[in-house]
Amino acid sequence: MGGVTFRLAVIGSGFMGNLHAKNAFFHPVVELVAVQDIEFERAERLASVARTTAVKDVTEILEDESVDGVIIASSTDTHVEYLTRAVAAGKAVYCEKPIALNYSDAERAVDEINGSSAPVMIGFNRRFDPSHLALKAAIDEGRVGKVEIIQLTSRGPQPPTIEYARVSGGQMRDQTVHFFDLLRWLTGDEPVEIYAMGAALIVSAITDLGDVDTSIVTLRMASGALCQIDCSRRTNYGYDERVEVFGSDGLAESRRQNFRSFSLYQGASIVGDGLHYGWANRLEESYYGALDAFVACGRGLSAPSPSIVDGLRAQFLAEKARESLEHHCPIRF
Amino acid sequence: MGGVTFRLAVIGSGFMGNLHAKNAFFHPVVELVAVQDIEFERAERLASVARTTAVKDVTEILEDESVDGVIIASSTDTHVEYLTRAVAAGKAVYCEKPIALNYSDAERAVDEINGSSAPVMIGFNRRFDPSHLALKAAIDEGRVGKVEIIQLTSRGPQPPTIEYARVSGGQMRDQTVHFFDLLRWLTGDEPVEIYAMGAALIVSAITDLGDVDTSIVTLRMASGALCQIDCSRRTNYGYDERVEVFGSDGLAESRRQNFRSFSLYQGASIVGDGLHYGWANRLEESYYGALDAFVACGRGLSAPSPSIVDGLRAQFLAEKARESLEHHCPIRF
Amino acid sequence: MGGVTFRLAVIGSGFMGNLHAKNAFFHPVVELVAVQDIEFERAERLASVARTTAVKDVTEILEDESVDGVIIASSTDTHVEYLTRAVAAGKAVYCEKPIALNYSDAERAVDEINGSSAPVMIGFNRRFDPSHLALKAAIDEGRVGKVEIIQLTSRGPQPPTIEYARVSGGQMRDQTVHFFDLLRWLTGDEPVEIYAMGAALIVSAITDLGDVDTSIVTLRMASGALCQIDCSRRTNYGYDERVEVFGSDGLAESRRQNFRSFSLYQGASIVGDGLHYGWANRLEESYYGALDAFVACGRGLSAPSPSIVDGLRAQFLAEKARESLEHHCPIRF
Amino acid sequence: MGGVTFRLAVIGSGFMGNLHAKNAFFHPVVELVAVQDIEFERAERLASVARTTAVKDVTEILEDESVDGVIIASSTDTHVEYLTRAVAAGKAVYCEKPIALNYSDAERAVDEINGSSAPVMIGFNRRFDPSHLALKAAIDEGRVGKVEIIQLTSRGPQPPTIEYARVSGGQMRDQTVHFFDLLRWLTGDEPVEIYAMGAALIVSAITDLGDVDTSIVTLRMASGALCQIDCSRRTNYGYDERVEVFGSDGLAESRRQNFRSFSLYQGASIVGDGLHYGWANRLEESYYGALDAFVACGRGLSAPSPSIVDGLRAQFLAEKARESLEHHCPIRF
């Protein structure tokens, strides 16, 4: 895995594959050696834009000894297979979340690769958002003192189609799970109790899937701190994410972000630009940081974070939140 | 109760009595005819500042037929007695919250004055805060569409003394209760389920009183909307209050407020002025509005709001929140 | 002038007289002993609200030895007479700006009272605005380093009537003059060169008066710092005042201020509350501070600031700005 | 010039050449066919990153008939030569500002290419900044009514070295010139009078070059509107750019921009993230837009804006500002 360049292949050439390939292109130490998709035309299209080789079969990538690392950005049902095979092949792995749709499958995958030396990183990219990183640094430096209340908000932008809702695993596993990870990472603390209240207020048919589209999850942390996460599947004002950490010595906030900086003063109002249109715009920068971190851990310069255990732990919280929703009671663990 | 002026007396000359007397002074239609306190010197001090008469015995005020209305700002344990006597005497009554420390006492008081024509208003002054009023107007005008998530925050500023904590009735009855009222008023909706999670993170001795100083309360409304209220008994950054209402068509917010408008740009930071030092500074203006509303209902021009039933309802929610805290489970009603 | 109270009379019972009387009422050490107006009914109306005595003739106030200080809030053409008489009578004097409409009259007045021990303060109340005070403190503490650029903005709210424009002395003497004073006070520095560019863009008839309603004044300070002041006689978005000081170590700003803290997020925009409706709302608090400062200097506890010399100096700059406007050239002094 | 791709070459492989090449790389219709530099190693380094061909001699590019357009990002003293030769060769040209260091050379170049059909665009990229574009749209849609005051600020970030100051042409030609262009573009109006006040407050040795590093320029527009531009060569708080347009119906502002969205509330202060570190970060997005516009005009889909005449006009204003600085008087034209 030595050498000055890090030879990277991207598995899956959909939206996320394209995003990763584009970032990889100009990364100073990355050489993008292949992009793959089972729909070969998608791989070809991406390869042509990214001046690289298209492949159809993942095996080709995994058997290529010159490949240092892979980014798994294929559909979730293929994650476990590609992940375990890539680890077996000794590749550094960056796997989009979730590890598996099913928690027990995820657990099994983690068990299977346990003991392997290949670094595995899970794609909770929010850990690399510059403002969330500043929040984390403030907490770690003791700026807010002892953490007492954490408030996380994630809303929108578009209501899911029923088709998407059906395969997404539900709001807890698909949307809230990012914030379970953020919560653990920001605080360095573990939840011990969870209560989820939710409803299908946007797309009522989601109820039939046993799912919700609007929810408030309340958690108690081992340290005693209290946490609240509210999620909605749509807004009509762009993608709304904010995180606030209140402690004994102050309050730190990773604020909502405007997409532009224009204001109009008129009459009794000031009209300013609203939020980013979607999460991809809001979080664009975080993907560069995530790639950087992956390259560093792929080259043995740092431990993977979020690790696969972090990925599993966030999925665990999603499972418990679903249980709480279903049984209308708090769950301790 | 006719005439161009509204003849007002203030019962209790402590912090709140002073505040009300000062506002009354320059109110265009109010004549402040007396201020009372059982510690007569306090009444005299206030009377001298406010150019009015000091009295020691409430009876003197209640038997004076020229008095149109009274503001009850004495200690909570006297509220029920003065309230019922003032109503019996036909006075318009503005009573500081809560009606009584004990919910059943409050209920009995409400029963007792039931049927009387005297208007009774409860001192949930936040209903008259200009920014909260703008929020209410936005909801009523349909600007946010169907309400789906409500988030209320109240923190600080000073940790309570153990003595105060002992007589305060606890965080739910003393602090959160204001936001139970705001929630009902803003949404025009009623909670049907409540879950409270709390802890004594600031003053651990509060645990011995069966109380908490940090809490998150989650509510489900009859309409299906979800609500979250987080309260802390202290900050080290002033008094922090914000309310956010998320709906199908937008998000409306009554923001945190800075005490001044100074900024310093230096290096990689901008240092701006923080929040108001305490709730009295933050909410100063709301007391003018509350007085205005009281005078209007005392003169028969409008119905009292918050009414005594609103006061009772908010106390009911505080009781249920306490039950939830104690039993660690959601409560439906 | 001893004793615990400061016995104050207000000369002139118009808008400014009312404002000062109201503030005086609850000031802890002030006793408002009389309000005067040559239209006696105005004095009576104010006296009834402020629980004090109405007088018609200023002489009555000046001959009353128990009066410690006077606030001159009558029409500008009476300032010089009342000011010199009040000083002669040994009263502390707070005189609304300007000293006189005519610069040479102002100069003569200053000469006349020169040597008197009575403290005289001029009503440039902006020096007491909390945000401007914070800006001054930042400069004095060296937070911005060496001052290099100062930017002052004052706009609105209402276009003047032609009648008002005729007697106002013109934009430089009436509006910009406040910012000449702020500039000198903030920097502790004196202008050495001035250039004014202006036009009647709002009320074209103002041109016939030799006046402007929109202007940019550029100044060079003795220290070398550059300054820009832009003034407009109206906005359609409330009263707009901001001051920004740029230096070698940072930028400090006394920001525009919103009248409320409400926001609505919708589509691609965030609509927030606009600025205060008028200068009186925006600057309300500064009048309390000005009164406080006057009482302190009236009791010999501090030197008057802004002093009458400050008043004269600001008028001097207004004269030079007018000259520059007329001759279309920079003026050095 | 037909075909689906726009074949582009970049002349000069320094900081700006790299920036343009990187943007060109992923532009959907651009094919980056060559990068040039007289220091061939610089071209090679860039070519290797951008997967394209390095050339040393501009002639190679200009004689290649398959090249549709060129971006001139070489040193200013070569602009006129490359510009006129590229136009003669029928290429679409994007030329970094200024056209020439010397105004008369710029004028001659414009005369020389006059009549040619090749589209020429000047690199005033700020016209493509999303927030400035929003400001322009607001003005054009009449949102601010008749424009009356325009205020432009550009400060920092780093003080120039004496070497740079010597070859830069001076603050007016190098820094303020961008804002002369913005002013003309935003208002669609032309200045008729200019007054510049400046000093060397940062690097005193700049005085010996007859230059300034801190300045305020005041302009009167043909429409009567007044404008103020303040420029400083350094801040210690990042790059500070804001534009404000005040009109009869409102105020529109392209605000200062923070580099992140983190806040810390502590004591009486809120510490938020400051401005972008430098102009390249602040204006990053504008270069994408400028490239897009260039491709569109290179393909005949739109007229070049800023055109070469715009470039000349901005340089004219810079010359007049220098004259005003030197003679200490306003200049009309």
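Annotations
Lettered A, B, C and D in written order, each chain numbered from 1.
Here is the rule we use: contacts are C-beta pairs under 8 Å (C-beta built on N, C-alpha and C of every residue); 3 or more make two chains touch, one makes a residue touch a chain.
Quick caveat, the model's predicted, so the values are computed rather than measured.
Residue-numbered contact pairs of A-D overlap by over half with those of B-C, the repeat interface among A-C, C-D or B-C.
Comparing the chain pairs B-D and A-B, the larger number of C-beta pairs in contact belongs to A-B.
Inter-chain spacing, taken between the CA centroids of chain B and chain C, is 39 Å.
Chain geometry summary: the mean Cα position of chain B and that of chain D are 57 Å apart.
Separating the centre of chain A from that of chain B, both taken as means of CA atoms, is a distance of 42 Å.
Touching two or more other chains at once are residues 235-237, 240, 249-251, 259, 265-267, 273 of chain D. Residues 145-146, 148-149, 151, 153, 155, 193, 195, 197-199, 201-202, 214-216, 218, 220, 224-228, 230, 232, 235-237, 240, 246, 248-251, 328-330 of chain B are the ones that touch chain A when the two sit in their complex. Partner chain C is touched in their complex by these residues of chain A: 235-238, 240, 258-259, 265-275, 277. Per the touch definition, chain C reaches chain B in the complex via residues 22, 25-26, 49, 51, 130-131, 134-135, 138, 143-144, 249-257, 259-267, 273.
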